[in-house]
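In what comes next, chain A is part of two complexes: it sits with chain B in the first one and with chain C in the second one.
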Partner chain A sequence: MMDEEVLVQLRNIVGKNRVLTRGNELYTYSFDATPIVQAQPDVVVMPGDTREVAEILKLAHVNQIPVIPRGSGTNLAGGTVPVEGGIVLNMTRFNKILEIDEKNLTATVGPGVITAEFHKAVEECGFFYPPDPGSMRISTIGGNVAQCAGGMRGLKYGVTKDYVMGLEYVLPTGQILRCGGKNYKDVAGYDLTRLLVGSEGTLAVITEITLKLLPRPETKRTLVVFCHQMVDAARIVERTIAEKIIPATMEFLDQATMQVVDDFSHLGLPRNVAAMLLLEQDGSEEQVVRDVDRIAEIAREEGVADVQLAKTAEEGAKLMAARRSALAALSRLRPTTILEDATVPRSQLAQMVEAIIQISAKHQVQICTFGHAGDGNLHPTCMTDERNHEEIKRVEEAFREIFATALALGGTITGEHGVGMAKMAYLPQRVGEGGIELMQAIKQAFDPHGIMNPGKVVAKAARSRVVVRNA
Partner chain B sequence: MIDVLKKFDMDELLNCMHCGFCLPACPTFQQTGLETYSPRGRIALMKGVAESKLPIDEEFEHNMYACLGCRACETACPAGVKYGELIETAREVVEDTKKAAGRQSFGRRIVLKRLFMHPRRMKLTGRALWALQASGLQELASKTGLVQILPREMTEMQVAVDRVASPADRKKRTRVVKAEQRAPVARKVGLFTGCIMDVMFYETNQATARLLSKAGCDVVFVDQQQCCGALHAHSGEKADAKVLAKQNIEAFEALDLDVIVNNAGGCGAALKEYHHWLKDDPVWADRARNFVAKVRDISELLTTLPLQVTKTLNARVTYQDSCHLAHGQGVRKQPRDLIRSIPGVEYIEMENADGCCGSAGIYNITNFDMSMRVLDDKMNHVADAKASIVVTANPGCLLQMKKGIIRAGLEGRMEAVHIVDLLDRLV
Partner chain C sequence: MMDEEVLVQLRNIVGKNRVLTRGNELYTYSFDATPIVQAQPDVVVMPGDTREVAEILKLAHVNQIPVIPRGSGTNLAGGTVPVEGGIVLNMTRFNKILEIDEKNLTATVGPGVITAEFHKAVEECGFFYPPDPGSMRISTIGGNVAQCAGGMRGLKYGVTKDYVMGLEYVLPTGQILRCGGKNYKDVAGYDLTRLLVGSEGTLAVITEITLKLLPRPETKRTLVVFCHQMVDAARIVERTIAEKIIPATMEFLDQATMQVVDDFSHLGLPRNVAAMLLLEQDGSEEQVVRDVDRIAEIAREEGVADVQLAKTAEEGAKLMAARRSALAALSRLRPTTILEDATVPRSQLAQMVEAIIQISAKHQVQICTFGHAGDGNLHPTCMTDERNHEEIKRVEEAFREIFATALALGGTITGEHGVGMAKMAYLPQRVGEGGIELMQAIKQAFDPHGIMNPGKVVAKAARSRVVVRNA
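Coming up: the complex of A and B.
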C-alpha cells in the first residue's frame, strides 16, 4: 500500500485526476502484452510535462518507491509489469510532435507519440522513419526507444537505436539532463544516448526524443517465394545479400504458420511447401525493378515451388498483410500465445528453424516459427493454455532449449523485444558474468536506490511479490 | 455468486492476448487515455471478476457501462475476440448480482421493463409525444425553462427530436404494401419496424415500404412484432431480450417470408444474433437460425434489387456508419454504393466515419457527458467533410447527428437524414 502522505504529494504535483488508486484502475495496469505475468502497481500517475516527472522521481527517490515508466503497454517481455509494486508512470500524455526540422532532417517528439501517427506526420512532409514494430499502430515512440524496437525493415534500415539522435531524460534524483542532439557527428564523451536506448526504463525516464529522418523512398515492390525446404529460403537470403542487394524486408513463414494464416485469411497459400519468403524492395523505380527481378531469378535458380511478383501496390499490400496477420492467426488456435524473438546470425537461419522443430516435437508443445529472415530475427511462437500448468512447464523447458541453441549458434536471446522479466535468467549466458556486473554498476550510477523499473534486465535477485492481490 | 461467475466464457476471455490493438479503435479510450476505459482493460477486469480477484461492485459496474458497445474493437482485434458478447455477459453479471442484493439500476430498468417490453406502451408514448409537440407545449416548456424539471440529459436530447407522426397518420398504414407492377421481381418482405424507430421515425418506416415496393417487393408490416431486445441485451437483461427474440421469431415465421428487413443498424445487429442468444435452447435454436438467415439491413437488400434513383441531387454528401451496422453486421459498402448511385451527388468520405457518434442505444442518456465528448470529436470530422447532408442508417445515430449539428453550430448548413428518407425523396 502506498503511504497516504505520498499520494497527497503526487496529487499536488499532477492534479488529483492524474493519480489513479482505485481497485479496477490498478488492476488494468497490472499487465502488458506479455502472457501470464501480472502484478499490480500501488498507484498510476499520469504526468503532463518534464517538470512533473522530475518532481515525481524526487519523491520516489526519497521514499524509495519503484517507478515503472509505461507507454501503451504493448511490450512482450514483461517490461512494464510492476513486479515490485510502486508507481506506474503513464507517459501517454507526452503525445506532441514538437518539431519536424526539414533543414536538419530530424524530428523532436514527446515519448507518448504513437509510432504510426509519427510515420504519417513525417510522410506527409516527404520524409521516412523506418522502424516499424508490429505494434506500431498502438506503441509509443518512447516505448520503442526504451525497448529499442525493431520491425520488418530492420535488414536494410536498422532498428530504433539507429535513428535516435538525442534525448531529454530525468534521473531518479529528479535531475533533468540531455544527451546527443541534432548533430550527425558528435563524439563528446560516452554515448549515453545509445546506452539509454533499449535500457527498458531501468536507468531514467525519457521525456523528449530527437529522431533522424530519411527522404521517403520513391517506390516499392513486393515479391513472394514459396520454398520446398526451409534451407532453400535461407539460401535465397544468403545469395541475395552476397550479390550486394539489400531488400527493405525479407520475411519468412514456416509451413505451420502458413497453414494457420491461410485458414483464417483464405489467401489460397499453397499447403505443400515448407516455407514462404516475402520480400519488399524500395528505392528508385529503376533500381527496385532490377533488384526484384534479380531476386526472382535467384529464387528460380534455387528450384523453388513458385515465385509471385505483386503487380500492383494493392497486391503487394495484400501479401504483406498475410505476414502481418501471422501472430493474430496463431493466437486464435489456443487460449495463450507466447511469442519469442530468439535471433541468430543470418547464416544460421535454416539450422535454427530445424532445431526449433525438433525441440517442439521433443517437448510435445506446438511451436510455429515466422520472422525476419533477412536479419536472423526469429519468432518461435508457442500456442498453449496458461491454465495447464504441466504444459506450461514443458513450454518453458522448450524455450530454454531454444535460447540455448540460439546462443550456441552465435545468436542472442532477444532480437527486438528486450530482456524485461521474461529473459532475465538467460542474460548472463549472453553477456557473461562480467557483463552483468558492469551493467549492474552502470545501473547503480544512474539509479543508486534501485527504484527504476526494479526486477527487470539486471536485477540482482528477482524478488517476486504476490501477483495480484485477491480482493 | 458462483453461478453468476460461471456465465463468463473463460476461453473467450483468455482469447484476448492484451496486445492493445483495440486501443486506437475505442472511442472511450481515445477520450480518456485510461486502460479502465479500453476494451483490453475491460476484458482484464472481467477476467479478474471471473477469477474472483475483483469484486462485482459499483466501480466494476461503472466501467462496464462506460463502454458504448460500438464494437469497433472487434473489427480491430487480430485475435477475433467476441467483445460484444463478453460485455453483454459482464453487464448481465452486474445486474444479476444487484438483483441478488436487492438493488436496482433505477433509470435503466424503468425504461427497459416498463416501456420497451411493451409495444402498446411505446405507441402510447409516441402519441403523448405527438400531443406534446402538437400542442406547442414542448416549445413553451423549452422557452420558459419548464423542461428544467426533466433530467438534464433528457432536456438536452429533446432539442433534436423532430415532429412525430400523428395518430391520424398512423391509422393510415396498410398492413401490406404491394409491389409496383412495372417492377420485375416479386419477393415477400417482412418489415421489422423497431420500437423507437416506429415512434420517432414512423415516416422512415413508411418510406422503407415505398422503396421496397418500387423495387418490386411485397412488403408486410408484421403484427405482433416486439422490440428487438438489443437495449435489454446491452443492459444486462438477457432474459428479457430472449423473451422478445422468441416473440419476434414466432411473429415473423408465421408469414413464410423471403426476407426480413430492418432499417436500424442496432436492431439489425440484434436480430442477426438471435441464434447466438438462443443457441442453448433446444426448442428455439433452429427456429432462430432460420429467422437469422432471412434478416437483411435495408441497404443490403436494396443493393440487390433494381431500384432506380431518377432525380438529381446536387449536394455534397457524407456517411456516418452505424456501429452496429458496420462493426456488428459488416455492412459498410452497400450504404455508400446507394449514396453514390444518386445522380449529381458528390460523395465525400469523412475521416473516422466508422467511429462511434456517441449515441449507442440509451448511452447518450445514461452516460451523457462522455456521449457528448465523443459526439463533439465526431462533429469535427463531420464539419471537415464540408458536406451539406450527413446520411445515417440507425435512429440513434440520426438523433445524435441532429443533436451534433446543433452543438457544432451547423444548423441551416447541414442536414442529418436516414438513408431511406434520402432515397425516398429521389426515386
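Coming up: the complex of A and C.
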C-alpha cells in the first residue's frame, strides 16, 4: 500500500480527481494488451503538463516508488504492467498536436496524441507520417516512441526512430531536459534522442515529441497475390527487391490466418491457397503503375493462383483493413492469444516461416503466422488457453525454439513489440552479457534509484508482485 | 614518453613495422584537418584485425594510456588530435568491403574503407549509399560513422546515422561486442548502434559496419540558379518545399565563395550576383523532369538573374564538383582556413546568412558562407592567419556570436563536423548541464578509465599537452 502522505502530495500536484486509488480503477491498469502478465499499481496519476510530471517524479525518486508511464496500454510485451506496483503515470492528457511546421517538415505533439489521429491531421496538410503500428487507432505517439513502434512500411520508410527528431523529457530526479529539435543535421554530443526512442519508459518520461514529416505521396495502389505455396510468396518478394523495386508494404498471411480473417471480414478470400501477399506501392502515378504492373508480372511468372489489383482506393483500403484485423480475428478463436514478433533478415523469411510450421507441429500448438514480408518481421501468433498449464508449457517451449531459430538466422527476438517483461529472458542471447551490462550502466546513468518502469528490459532483479486476477 | 615495455607488447601484437615511433611519423599524426590544434601522440599503431584491436585496448586499459582511433584524419573539430598523447590507432588497414548483400539491401565493411570507393562499389551493383561528406574522396566509412557525417543530401536522404544498421565494436576492456545487424526492425534493448554513431571515438573502437543500401535512382538532373539577393535563394528553397518537392540536394554559395570557386575552377560563374543555388533531383525520369521544371519556374517567378539546367550528366557533375571545391578554393586565400558548421532549422536559413554577414563586418573578419540550404547546415568559413593573435581573437569572437545566433534560432553548434575539441566549450549551451551530465555518465559506462579519445566531446577535464609545431 502506498503511504497516505504520498497520496496527499500527488493530489496536491494534479488535483483530487486525477489520482485513482479504487480497486476497480487499479484493476483496469493492472494489465495491458499482453496476455497472462498482470500486476496491480498502488495508484494511477494523470498529469496534465510537464511541470506536474516533474513534481510527481521528484516525489517518486525521493520515496523510491516505481513509476510506469503509460499511453493507451496496447503494449504486447507487458511493458506497461506495473510489476512492482507504484505509480502508473497515465499520459493521455498530453493529447495536443502542438504544431505542424510546414516550413521545416516537422510536427510537435504531446505523447498522448493517438497515432491514427496524428496521421489524419498531417495528411490534411499534405504530409505523411509513415509509422503505422497495428494498434494505431488506439495507440499513442508517446507509446510508439517508447517502444520504437514499426508497422507495415518498415522496408521503404523505416520505423518510429527514423522520424523522431527531438524530445522533451523528465529525468527521475524531476529535471526537465530537451534533446534534438528541428535540425535535420545535429551532431552536438551523443544521440540521446535515439537512445530514448525504444527505451520503454525505463529511462525517463517523454513529455513532448518533434517528428519528421514527409510529403504525402501522390498516389498509391494495392495488389493481392494468392500463392499455392509460402515459398512462392517469398520468391515474389525476393525478385521484386532484386529488380530494385521497394514497395511501401509487403504483407503476408499464411493459410490459417487467411481463413480466420475471412471468417471475420467476409472478403471472400480463397480457402485453398497457402499464402496471401498484400502489396502496396506509393509515389508518383507513373512510378506506381509501373511498379505494380511489374510485380503482377513477376507473380504470374511464378505461377501463383491469382493476382488481383484493387480497382479503387476503397477496395485497397478494405484489403489493408483485413490484414489489420488479423490479430482481432485470431483472438476470437481461443481464450488466450499470444502475438509474437520474431524477426529475421528479409532473405531468411521463407526459411523462418517453414521452421515455425515445423515447431508448432512438433509441440502440437496452434500457431498462425502473418507479418511484414518486406522487412522480415513475422508475427507467429498462438491461440491457446492460459488456464491449461500443460499446454502453456508447450507453447513456451515452441516460442523458445522459434526465437532460437530467428537468432540462428541472424534475426532478433523482437522487431517492433519491445522487450518489456516478455522478452527479458531472451535478451542476453540477442545482445550478449556485455551488451546487457552496458545497457544496465546506461539505465543507472538515467535512473540511479531504479524507479523508472522497474522489472523491464534490463532490470537486474525483478521483485515481481503476486499476480492478481479479479475476473 | 611511452614505457618501452608497452612498445614491446604493441610490437608483439601487430608486428614491428606497424608500430610507429619516429619523430616525423609522430608529427604526421599530431594534427588532422582542423587548423590551430595540434598535439603529438606517443605511438601510432596499425592493427589489422579485431583481435589485434582488442589486445591493444586491453593493454591501454590496464596502463591507462589514451587511445585515439583514426581513419584518414579529415576531421574538422580536432577530433583525432591526440591532445593527451597516447596511442593513435590507425584503422586504415580495415579497408575491405566484406559483403554487398543484394537480398537484404545491406553492405558490410571495415571502418577503413574510403567513402567514395564504397559509393563506387555499391553503385556498380545498382545500389546507392547517400551520405556524401565533403571529404568523401579521402574520408573513411569508420570516420563517417564516428562523426555521423552528413553531406549534400541531408533533407531527402538523411545522414550517416540513418544508414548504420549494425556494428562490431571493441570496448576499452578489450571485450568484442556486436549491436544491430541486418534486421530492418529490431527493438531488443537500448539502441547502442545509434549511440555509437557520432560518439567520435570516445566510447569504443568500431571494427565492422553494416550499412543500409537504397536502390540507385533511375536518373538525376542538376539545376543552377543565380540570385540577385541571398533572400531570393532562400525563398526559392522555401517555395519548393512548400510545394512538397524535396530535391536530393539544395546547395548554396554566397558571392564571395562563388568568386573564389570560379577563380579555382574556371567555370565562368557570373561575378555580379549575390548567391548561387545548386539543385539536384533524382528519381524516376518523369518525376525528375517534372520537379526540375517546376523549380526552374519558381526561380523565374522570383526574378532571379539566371536559371540554367545542366544539359548532360557530365555538366551536372562538373557543377557539383565546383561546389565540392569550395573549401579547397577558399583555403588558398590565406594561411589559415576555419570551416565551421553552424546549423539552423531550414526556415531560418536566410536570417542566419544575414546574421553571419553582419557579424563578420562588425568584427572585420573575412567570412564566406556556403552550405546545404535544404537542411539548414551552413558552412561559414573564415580566412585568417593563426599567427596573428589579435585577428584570431576577433575570429573567435565572431564565431561565438555566430553560434549564439544559431542557438537562438533553434539551431545547433555543429551539423555534421562533430564536437571534438573545437566545440566542447559550446556544447553545454546546446544540450544543457543536465545533458552533459548524462553524456558523461554514458561515457563512464563504456570507458571507466577514460582512455578513449580523452579530452573530447564531454571530457571532464582535459590534460592538454603543450602543442608542438615542428614546421
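The rule is short, and it goes like this: the second predicted complex is superposed on the first by the 468 of 471 C-alpha atoms of A that agree within 3 Å, B and C clash if a C-alpha of one lies under 4 Å from a C-alpha of the other, contacts with A are read in each partner's own complex, and residues count from 1 in each chain.
Quick note on the criterion: contacts are C-beta pairs under 8 Å (C-beta built on N, C-alpha and C of every residue); 3 or more make two chains touch, one makes a residue touch a chain.
Nothing here was measured: the structure is a model prediction, and the numbers come from that model.
Colleague: One more residue to check, A:L269. First (chain B), second (chain C), both or neither?
Modeller: In the superposition, A:L269 contacts neither chain B nor chain C.
Colleague: After the superposition on A, what does A:A350 contact: first (chain B), second (chain C), both or neither?
Modeller: Neither partner.
Colleague: Looking only at chain A, is it chain B or chain C that touches more of its residues?
Modeller: C
Colleague: Please work out whether A:L378 is in contact with chain B alone, chain C alone, both, or neither, and reply first, second, both or neither.
Modeller: neither
Colleague: Output check: A:M320 vs chain B and chain C. Expected answer is one of first, second, both, neither. What do you get?
Modeller: It touches nothing on chain B or chain C.
Colleague: Have a look at where A:L409 lands relative to chain B and chain C in the superposition and call it first, second, both or neither.
Modeller: neither
Colleague: Touch test for A:R22: chain B only (first), chain C only (second), both, or neither?
Modeller: first
Colleague: Given the touch rule stated above, what does A:V260 touch, chain B (first), chain C (second), both, or neither?
Modeller: neither
Colleague: Report for A:L155: first if it touches chain B alone, second if chain C alone, otherwise both or neither.
Modeller: After superposition on chain A, A:L155 lies in contact with chain C alone.
Colleague: Under the contact rule defined above, give the chain A residues that sit at the interface with chain B and also at the interface with chain C.
Modeller: Touching chain B and chain C on chain A: no residues.
Colleague: Under the stated contact criterion, what part of chain B meets chain A in this complex?
Modeller: Touching chain A: residues 10-11, 14-15, 17-21, 23-24, 33-36, 38, 40-41, 44-45, 48, 52-55, 57, 59-60, 63, 78-80 of chain B.
Colleague: Under the definition above, what is the set of chain A residues touching chain B in their complex?
Modeller: 20, 22-25, 27-33, 35, 46, 72-74, 90, 92-93, 114, 135, 137-138, 325, 327-328, 331-332, 335-337, 385-387, 468-471
Colleague: Which of the residues in chain C come into contact with chain A in the complex?
Modeller: So the residues of chain C touching chain A come out as 101-106, 126, 147-148, 150, 154-155, 158-159, 161-162, 171, 175, 177-179, 181-192, 194-195, 197-199, 214-216, 238, 241-242, 244-246, 283-284, 286-287, 290, 343-347, 372, 374-377, 410-419, 423, 426-427, 430-432, 434-436, 438-439, 441-446, 457-458.
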